[in-house]
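Two complexes follow with chain A in common, the first pairing it with chain B and the second with chain C.
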Partner chain A sequence: MLAALRCVIYRDLLLAVRRSSDVLTVLLFFVIVVSLFPLGVGPDPALLRTIAPGVIWVAALLASMLALNRMFASDHADGTLEQMLLGATPLGMTVAAKILAHWVISGLPLVLISPVLALQFDFPREFLWTLTLSLAFGTPVLSLIGAIGAALTLGLRGAGALLSLLVLPLYVPVLIIGAGAADAAVSGLGGQAQLLLLGALLVFAGAFAPWAAAVALRISTE
Partner chain B sequence: MNWFKYSSPQTFFPLAGKLAPWFGVLAAITCAAGLYLGFFVAPTDAQQGDAYRIIFIHVPAAWMSMFLYLVMAFWAGLGLAFNTRLSGMMASAVAPTGALFTFLALWTGSLWGKPTWGTWWVWDARLTSELILLFLYFGFMALQAAIDDPRRADKAGAVLALVGVVNIPIIYFSVKWWNTLHQGASVSLTKAPTMAATMLTGMAVMAFGFWFYSIAAALTRARCIMLERERASEWVGDYARRSA
Partner chain C sequence: MRGERKLFGALNFTLRSGELLRIAGANGSGKTSLLRIACGLLEPTRGEVRWGGKDIRRLQEEFWRQLVYVGHANSIKDDLTATENLHVACTLAGVPRQAAQIGEALRRLGLAGCENLPARVLSQGQRRRVALARLALSKGAPLWILDEPFAALDAAAVEHVQDLIAEQLSRGAAVILTTHLEARITAAAALRIDLEAT
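Then we have the complex of A and B:
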């Protein structure tokens, strides 16, 4: 079973490397959205410093949602998904492997570039690790919850806009706790509580979301 | 008695048709009584004056908005677990009423907030989580509307409703820790009520009125859904000929 999962992850990563423009588009979207905020609200460093975690988190939310459409769509189009549904590996495990691969492609680059963007906002350097860590814990949760929405809207017309309507309300706790971690760190309270909560959300979503997404996939493809 | 007799659209349709008007009449009576209690019997509040009287619509609407999401998720889950047609239809029938009460709670809350807090809207925990609840209702209805096959729409909506139910407490607490201005709950089962008994009675009567209205509206809507989905069946043909 582990071999099959390794195979799924390897295949998805290989596909992403071969079509690296897809990965770069999401990353560039993230960078551009974050860079738009100073243009919109003005270049006052004090203001930018306070809104930095929120802006980066909202941009990460939108960028990860933009990438969700691709999680199952191409496999659905070429029939690979049906083979996965029929295969001997439990579907929940296969879905978990796909989500992990999807996070490595679309979530991890955001986490890695976020400290650089935070510096653009003059975010205090000693708290950069809290912000990065909160994104590292939070973006996998976004991929996990998003997988359910992606599976439910598979093959529907207007799936993109519908997906955002389904998934964004469910993202709210992650956004609040994630952006709260860096805010709490800056205000001197320390972000540990929020980071632990994000970890709890990750464990919870990691246990249940692949399973729910698998149920949704069976519904969408029957 | 066979409890499953009414689990098929064919037998449930006439039953719903008989029950809906009764619940409609009950709703009209209890709402009228509740509004009378609220506007004429309940005393004027010492601090808020007469502005507080919107509580008689606001609080019962907020109760119903949350309760109806649970009802919707219950029917959706039942449909998913036992693969029954009628459960999915009931879930779709409850959703618009739930969204209506959520909107009503937000709207009356905003009307109440202006004279008492001095603002139409604050990013307070309960307001925000109620707003997110409205988005969850919209998401459920939009997903069902986007899927042409009704059976797939029922099941996909069921998964979404159940995921939403798991998420509601998480959303509520995360928003609560984030910010709070709303007064604490005025009605509690464990403490003595902090308001006059007539106010409490008025609110309870209004809550029953909204409850009866929800049942009547959901049954009526379920009847329409049944006719639409079962239009190929014989009993719908008979019904159409009889009522033509």
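Then we have the complex of A and C:
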């Protein structure tokens, strides 16, 4: 079973490498949105420092939503999803492997580049790790929740709009807690409480979302 | 196995090992739906499908491990090579195969030299051959379900696939397929369901 999961992750990463434009689109979108804000709101350092966590988090949320559509769509179109549904591995595990691969492709690059972007906002260096850590805990939650939405809207017309409507309300708590972590750290309260909450969300979503997405996939492929 | 759906009803059949079941019917008569019900991709409105006397909805992975399904879609990724595609397909099915075995299966279907080409550059018929090369790698599976296996294939490839099916039947496995061609497959026992007649 582990061999099958490794194989799914390897396959998705290999596909991402062979079709790197998809990965770059998400990363580029994130970088552009975040970089435009200092140009738009003006060069006041105090203001930029205040909005930095919010801007970076909103951009990361939108970027990860941009990548959601593709999570199952291409597998559905060429029939490989059917083979996963009929595979020897429990579907929930296969879906978990796919979500992990999806996060490595679309979420991890955002986490890694976020400290560099935060410097544009003159974000205090000693709190950079809080911001990065909040994204490292938060973006997998976004991928996990998004997977349920992507599975439910698979093959529907207007899936993109429906998917946004479906997952956005579920993304809001993650956004509030995630952006709050860096804010709290800067204001001297310490961001540990928010980081722990994000960690709890990650564990909770990691345990349940793949199974929910698996059930949704079975329904939407019927 | 039993199945019932709006497209067809009161359908009741049993398939024993070594038997070939051919499902015939016009376009839209529900051949693919019947196959999808038989593999458990589609839930029958009424009725049930049993494998070894047990409902496949209960068996789930236990049933799927013994099943090879080649559907309408080829289940091939354009950006992967033929070998990589088969490697992934076999690993997902729970029977990992070595590159040498995969190469042999591809050669058997007349794809020598295409092993390391991305599926994108292969023709429709060649992709179908890659999809069907899975059969040559799944000799241990007691049930094959094939949806239009001969579509897009040339005469030589049709021969190869018919040979593969005949060999599998002689090994005691059951095969269900839909086809428009009058397939010449030597089978100890052949059943035929005509969906228009039901």
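By definition in this document, the second predicted complex is superposed on the first by the 222 of 222 C-alpha atoms of A that agree within 3 Å, B and C clash if a C-alpha of one lies under 4 Å from a C-alpha of the other, contacts with A are read in each partner's own complex, and residues count from 1 in each chain.
One rule holds in what follows: contacts are C-beta pairs under 8 Å (C-beta built on N, C-alpha and C of every residue); 3 or more make two chains touch, one makes a residue touch a chain.
Computed from a predicted model, the values in this text were never measured in an experiment.
By the touch criterion defined above, A:212 lies against chain B but remains apart from chain C after alignment on the C-alpha atoms of chain A. Within the superposed three-chain model, A:14 lies in touch with chain C and out of touch with chain B [touch as defined at top].
In the overlay built on the shared chain, the residue A:157 is in contact with chain B alone; chain C does not reach it.
Using the contact criterion defined above for the overlaid structures, shared-chain residue A:220 touches chain B, although it does not reach chain C. In the superposed model, A:84 lies in contact with chain C only, and not with chain B. In the superposed pair of complexes, A:93 makes contact with neither chain B nor chain C. In the superposition on chain A, contact is made by A:172 with chain B only, not with chain C.
In the superposed pair of complexes, A:3 makes contact with chain C only, with no contact to chain B.
Residues 222 of chain A lie at the contact with chain B in one complex and at the contact with chain C in the other. Residues of chain A that touch chain B in their complex: 148, 152-153, 156-159, 162, 165-166, 168-170, 172-173, 176-177, 180, 201, 208, 212, 215-216, 219-220, 222.
The part of chain B that touches chain A in the complex is made up of residues 132, 135-136, 138-139, 142-143, 146-147, 152, 155-156, 159-160, 162-164, 166-167, 170-171, 174-175, 177-178.
Only residues 39-43, 60-61, 64-65, 67, 69, 71-80, 84, 87-89, 91-96, 118 of chain C touch chain A when the two sit together in their complex. Interface of chain A with chain C (complex): residues 1, 3-4, 7-8, 11, 14-15, 18-19, 77-80, 82-90, 94, 221-222.
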